[in-house]
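First chain written, first letter: the chains are A, B, C and D, and each begins at residue 1.
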Amino acid sequence: MNETERKQGEWEPKIIAFLCNWCSYAGADLAGVSRYQYPPSLRIVRVPCSGRVSANMILDALRSGADGVLVSGCHPGDCHYISGNYYARRRFAILKRFLEFVGIESDRVNFSWISASEGEQFAQVATEVTERVKRLGPARHLVKEF
Amino acid sequence: MFFATLEGLRRFNIPHKFEFVSIISLYAKWLREGRLKVDPAWNKDGLKFTVQDPCKLVRQGLGDVVAEDLRYVIKKVAGEENFIDVWPRMSNNYCCGGGGGSLQAGFVENRRKYGKLKFDQLSATGADVVITPCHNCHTQVIDICDFYGGKWKTTHLWNWLEKALVIDDSGVQAGKD
Amino acid sequence: MSTMNEKITEELRQKARQLLESGRVAAFLGYASGSVPMVMRPFVARTPEDADRLEWNSFCVLNLANYLPALLKSFEPPRRPNEPPPQGPLPKVGVVATGCWSRNMVVQIQENQVERERLVIIGISSRGMVDRKKVQALIAHRDVTAVKEGDNTLVVAGPGFEEEINRWDVVRDNCKSCVHPDPVIFDDMIGELKGERDLPDRFSQVEEIEALSAQERWKWFTSEIQSCIRCYACRNACPLCYCPTCFVDDSRPQWVGKSIDSVDTAIFHILRAYHCAGRCTDCGSCESACPMGIRMRILTKKLQKDVLQLYGIEAGMSVQEPLPLTTYKKDDPQDFILTESLKGEKK
Amino acid sequence: MTTPRGSVLVVGGGIAGVQAALDLADSGFYVHLVERSSAIGGSMSQLDKTFPTNDCSACILSPKLVECGRHLNINLLTLSEILSLSGEPGSFKVKIRQNPRYVDVEKCIACGSCAEKCPKKVPDEFDLGLDTRKAIYLRYPQAVPLKYAIDPEHCIYLKKPGRCGFCEKVCPAGAINFKDTPKEYELEVGSVILALGFRPYSPESLDFTGYKRLKNVVTSMEFERVLSPSGPCMGHMERPSDHQEPKRIAWLQCIGSRDINRACHGYCSSICCMQAIKQAVISREHSASGDVDATIFYMDMRTYGKGFEAYYERAKAEGIRFKRARVHTVCPATGDNLRVRYADEEGKIREDEFDLVVLSVGLETDPQVMRLLHDMGIEVDADSFAETTCFRPVETSKKGIYVCGALAEPKDIPQSVVEASAAALEAERLLHVSRWTETKKKEFPPERDVHAEPPRIGVFVCSCGINIASVVDVQAVTDYAWTLPGVVFAQNNLFTCSQDTINQMAETIKKERLNRVVVASCTPRTHEALFQETLREAGINKYLFEMANIRDQDSWVHQHDPEAATQKAKDLVRMAVAKVRGDEPLPYNSVPVTKSALVIGAGIAGMTAALSLADQGFPVTLIERKDRLGGHGRKFFRTWQGQQVQPYLDELVQMVEANDKINVRVKTTIEEVSGSVGQFKTKLSDGTELEHGVAIVAVGAESYKPREGKWNYLYGKNPNVHTLLELDQRFIEDDQGLSGLNQAVFIHCVGSRVPERPYCSRVCCTHAIDQALHLKDLNPDMDIFMIYRDIRTYGKREHLYQKARAKGIIFIRYDLENLPRVSEDSGGLKLEVRDPIVGADITLHPDLLVLASAVRPRDDVGELSKLFKCAMTSEGFLLEAHMKLRPVDFATDGVYLAGLCHYPKPVEETISQAKAAASRAGLVLSRDAVPAESITAQVNLQKCTGCSVCTQVCAYHAVNMDPNTGKAVVDTGLCKGCGACVAGCRSDAITLKNIGNEQLMAAVEAAMEDF
């Protein structure tokens, strides 16, 4: 089990996860069905496809104060909408490098492929991303103070 | 003899027009029909009974039916509350360790080693009397009781049936008709 | 002996006049002198006489492609939104184009902003345009009243001074790192095609920043944009920025605050640049237009570098080739995908 | 035959009956569903979780039951029994008696006041007597219909009128009717489907188990109830004697199965191995400390289904112990503990102590059902299951009457569902001319126009029994929901998906004039449709709805952090509320259906599917990549029941070729697929473009040939080494040389259950044993050895295994650490293997070595799956939409699968699956139009620049440039609502209805608000 015990009073990051409905969201459900435990840091936003997620959405999450972002879709070739994740892959590849270029820490913005049958992998990725974000500490860049 | 005939007919599919019945089942039948009357009142001291299911009679022979009858008769004779069953029991009971000619053939040490399991099982019941409806079991159970220092008495069934028998006024008893 | 630019200007006027006289084009888009030195303004010649006001020199920095859609539209008969487009050929427009501008026109054609058949492109292979801010820096920001341009020199004059400057020293960064000075599409040429330039260090400006730590990069980025006044001159000078409502102006949803709050400014610059990903030709208009001297071109140059490195595509090199973000290959690089990199670690 | 009736009688309301009823009702037939008890759901509703996905049984079943209960074309007859049946196919007359419920279903609101007041406690049969219920009762919390019933056997009032009657007094709805009487109906139906299920074997007569004598010995079905959150222990795992959590649990397999001595059940019950592993896995999850010591005593571990072997391996890795032993006795030990005595593999007697013993009881036919079958004239086999044959797997001995589920043989849920659809198909095929003649049409009330209304949001927070409530503080979440802007109503429910809550939700929507609804419960993937329909019934557009997933993605994954889970649940509710605020009513789109099918692959599955559809009048194009029809079936000698495959196949080919509705194209493959359900366009390799409404993928699989490597065993090197199919070929050719052989050896699991192919090939044990028996028939003196790992002759196939043993075929077990070694020895074959019972190596010199090699997926299946956008398993088989309840559907609508491309399976299962696929395809083909996506892209012309990024990234050609405006325009019939265009658009000019940028941003921002 991928369980990360949370210590009392320890800072828990907030991570916005955009999950495609057909694979990664189902994978997250399967993680639950299989009772794989992972840290309570994710706030999942269900989107039809990883191809639905734009740079704007990711920046909006950061601007709103998310300590991290995860975008996850179907594996290449498995897209329910044929090619959405291929386009997404190009957009995200460019965006991720670009955000790193302006000084956003590499581990803040994460992308993964998780299929509907990969409940365990989902829990692993959720744990991994949380740990990476925890190492970075709370997000400061691009966080708008309202 | 009983088992050898039974199994021989069964294994070689030999046609026959008779059935095999143990006297125990007949006791039970007569008790149920009221033709035989028993009263456990004799057992004032509350002697506790348990049982040995002989392999040839039960497990390999006539099955659980006869084992059930055996218990039925004992309970009638000694009182329901004075019967303590063994684990495992009936078809699933352990071999006494005295069969297969081992009582007659030497190898005493081995025989008693096998019999230790039976001894432990019977001891665990805490019974005062062990009923063994088989001469072979009877001899073996007596032997292991002596050897391992058991406290029970090993007997056949009829000894106790006699004690409990009620002879009513009509004088009619099973077997006399 | 006239200079190269004088010769080009002459030829340009002549070709524009011919086009206008023959009626082949309804207007010709080029440059005319502005009211101050070192600033050329886009100029539309509508009559053969206007053609004589066209000029060509090292200060033609604003990308003419930016003005084409509106200019073309001005020659279309007015119509309601759902009416069919007018039948028959529409008036054409002539335009002068160097490498980067022509590549922008390619992108515009791909994005349905202009129609190739309505353009008559006079190509000029670029020698690089001058960065006015570099000149001013060299002369300690004194006022300039006149600039005389030779083939390889600039003579800058002002009250009480006249200095000669090596032209290449003050050429814009984007032009110095340009490898495609030749126009990609044209109908006529002035001068010869020069061919590709071999510049192994064309992305050195980007690489220097890439070499920094995340913290240092953030420091660089924020200090670079801290003087931004959100005037949007960079956006307006850009031929790629043609949305009727720019995301910065949108209020539902509000992608980014409208203030000069540092986060809003940062997001503005990130998204403005990102919207140019795979489309930007590094024409430098944005930087040239910026009143605050912000080097936002480095952002788009980074995107250009990555798109080239990841997908082998440079914007505007071919009308046929799709833009990088509207296509994909099944084996596009994906080492940035966490599940893929974790897989790698396990091996 | 005169025009047949357009209605069907389905007997039995378990999962099989429910599936058959839904298939029929959705494809144009009126269904009478008869159920003996007071609620449908059958045995599946009593299960806790289901293998191999660990899905909560009630959770996945519940939506189907509710759908069934609400279906306009299903007449649910609970508490009912068949009195008589007469007539002929197409026109049966059925007499049915419906016993009185004594509760008016129209009035009962299932509030439970009656049961609370009822003084009479009786053993609860749903909990198998582990708990009590009242004389007025609900069969289980999610029962459909959700109506109380009075048990006349125990009701004080009914026994002595005037004595009690409390329920009548407290019922707020006046629903109690003590004067209720039995009703008799005479129905006329065209066909009958029997889905009467099984009953669990009662081990009372198996003395050695100690069942009923030892408190802590329970059956597997009882243990399901112990584990179930709605069971007697509320999901807290307790043992009966002292209600303490057992730390050491033993499972005893084959109780009442594979037992000819005591139980008289020679067959294997097929499901118990997986059930035991599942229970072992789940018991650890249920345990507070998580350190349950779980031991499974088994004879052969039969994990032969899809995903089963991986489940088994995972259980082993997690430390669940597997002991190959038939337990001698369960004895009492101190403190109500149990001593389990068994002989280990070395033959040593061992005793282990446990806190709880679970008896994995087998399946058998209920004697009451036997009587019904007898009265109907349906033949049963020696095992008391309905008699079927391999080639006609769902047909009973009586024409027009079909069978599905465990009534024909013990089987798991997916196989029952497959057969249910297959049985429905047979009824459809019989009655197709009368389709839609007896059905009714659903009318929803007109929808309220909510455009001008400010948001009035209702939030329903589900406890899901204890699934959510044991971790998340649902009351706090509900209270919190009240504080959110726009929320005018919030409520916590025990089971939001139960019918009474749903009805009440509809009432609340009307009463509170809600115009947006949020349900915080499980996953929208299973329950969204159910709640959306409730909105429609309440007169508002179904798209004014959002779900917050506080179970699968919260309570279940943060079981040990209730505080954080509650906070997360609040956040998820706040996000859903933020999003629902922007939801707008959407139109209900539909797509016209091209009424023809494409079937890919002309093996047994493909041909069966094609015929099944063509016989109903639907045109079918059947394509085959090879130059002749028959597929993999061409290689088989006979079924396990002994029917010859080749003559059957020849007949099938003839029927296909003679059917004028079937267009056969050999040497043809697929190049391109576009479109979607109802309107596929497929380009074939011969250049033709085909339009079809549905597609069935039946492309088969291959036999693994171990040409080299670890599993080679001299295959391809020595002429006397064959695969199973190569031996079949010799049987087909009637090779006389076989009878002269002296010794034959079979090696099992060649290339199956190994690291590179970690699944069980399912068919080979039975196939190999059947071949061995055939060899014995050819030469009774032949010595035959089976070198095996586990013998997996599931179901009635077990009889073959017993027969093989009786004929003297010798079985020697091996494992991966001790592989048999094959070499050549002076011209002959030499095989050495370690016999674990003898404890020594033995050497054999076979004349014939047969390798039971794996069934492997075709390499090119991946390409095909991508064309149809279907998923694949990691093993390379095609992946169905849901392992349990949608076994022949793909996630892609309108595409179905059958046969070996799904998983290795024998002929009878292939035929069932092909028929099931045809039945599912019929749901589309029987309609003129199918519902299309409502969540489609929408262009804002004010913002659109006409740059055409959207048209380029659209995979469905749904976005195009309008030549007039020069701007994008969306074809809503083609749009699937993926949003690729939206993310591509720089100008925010194209949006997805109800998944717009503004809404997603609202959700994202809401997620952060309270942090």
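The rule is short, and it goes like this: contacts are C-beta pairs under 8 Å (C-beta built on N, C-alpha and C of every residue); 3 or more make two chains touch, one makes a residue touch a chain.
Just so you know, these numbers come straight off a predicted model, no measurement behind them.
Enquirer: Higher C-beta contact count, B-D or C-D?
Expert: More C-beta contacts join the chains of C-D.
Enquirer: In angstrom, rounded to a whole number, how far apart do the mean CA points of chain A and chain B lie?
Expert: Centres of chain A and chain B (C-alpha means) sit 74 Å apart.
Enquirer: What's the distance between the Cα centroids of chain B and chain D, rounded to whole Å?
Expert: Centres of chain B and chain D (C-alpha means) sit 52 Å apart.
Enquirer: Which integer distance in Å separates the CA centroid of chain C from that of chain D?
Expert: Those two chain centres are 61 Å apart.
Enquirer: Distance from the CA centroid of chain A to that of chain C, rounded to the nearest Å?
Expert: So the centroids are 36 Å from each other.
Enquirer: At least two other chains touched by the same residue of chain B: list those residues.
Expert: none
Enquirer: Going by the touch rule set out above, which residues of chain C reach two or more other chains?
Expert: 247, 255, 325-326
Enquirer: Going by the contact rule already set, what residues in chain D reach two or more other chains?
Expert: Residues 953, 984, 997, 1001 of chain D touch two or more partner chains.
Enquirer: Would you mind giving me the full set of chain pairs in touch?
Expert: By the stated definition, chains touch in these pairs: A-C, A-D, B-D, C-D.
Enquirer: Given the complex with chain D, which residues does chain C contribute to the contact?
Expert: Those in contact with chain D are residues 81-85, 110-113, 242-245, 247, 250, 252-253, 255, 275, 322-323, 325-327.
Enquirer: Which of the residues in chain A come into contact with chain C in the complex?
Expert: 55-56, 59-60, 63, 76-77, 83, 86-87, 89-106, 110-114, 121, 124-125, 128-129, 141-145
Enquirer: Taking the complex as given, what residues does chain D use to touch chain C?
Expert: That would be residues 941-943, 945-949, 952-953, 961, 963-966, 984, 986-989, 997-998, 1001 of chain D.
Enquirer: In the complex, go through chain A and note every residue touching chain D.
Expert: By the definition above, chain A touches chain D via 3, 5-6, 12, 14, 16, 21-22, 25-26, 28-38, 40, 42-49, 51-54, 56-57, 60-61, 64-66, 77-84, 87-88, 91, 115-117, 123.
Enquirer: Can you list the chain D residues touching chain B in their complex?
Expert: The contact residues of chain D facing chain B are 207-208, 210, 262, 328-329, 331-332, 341.
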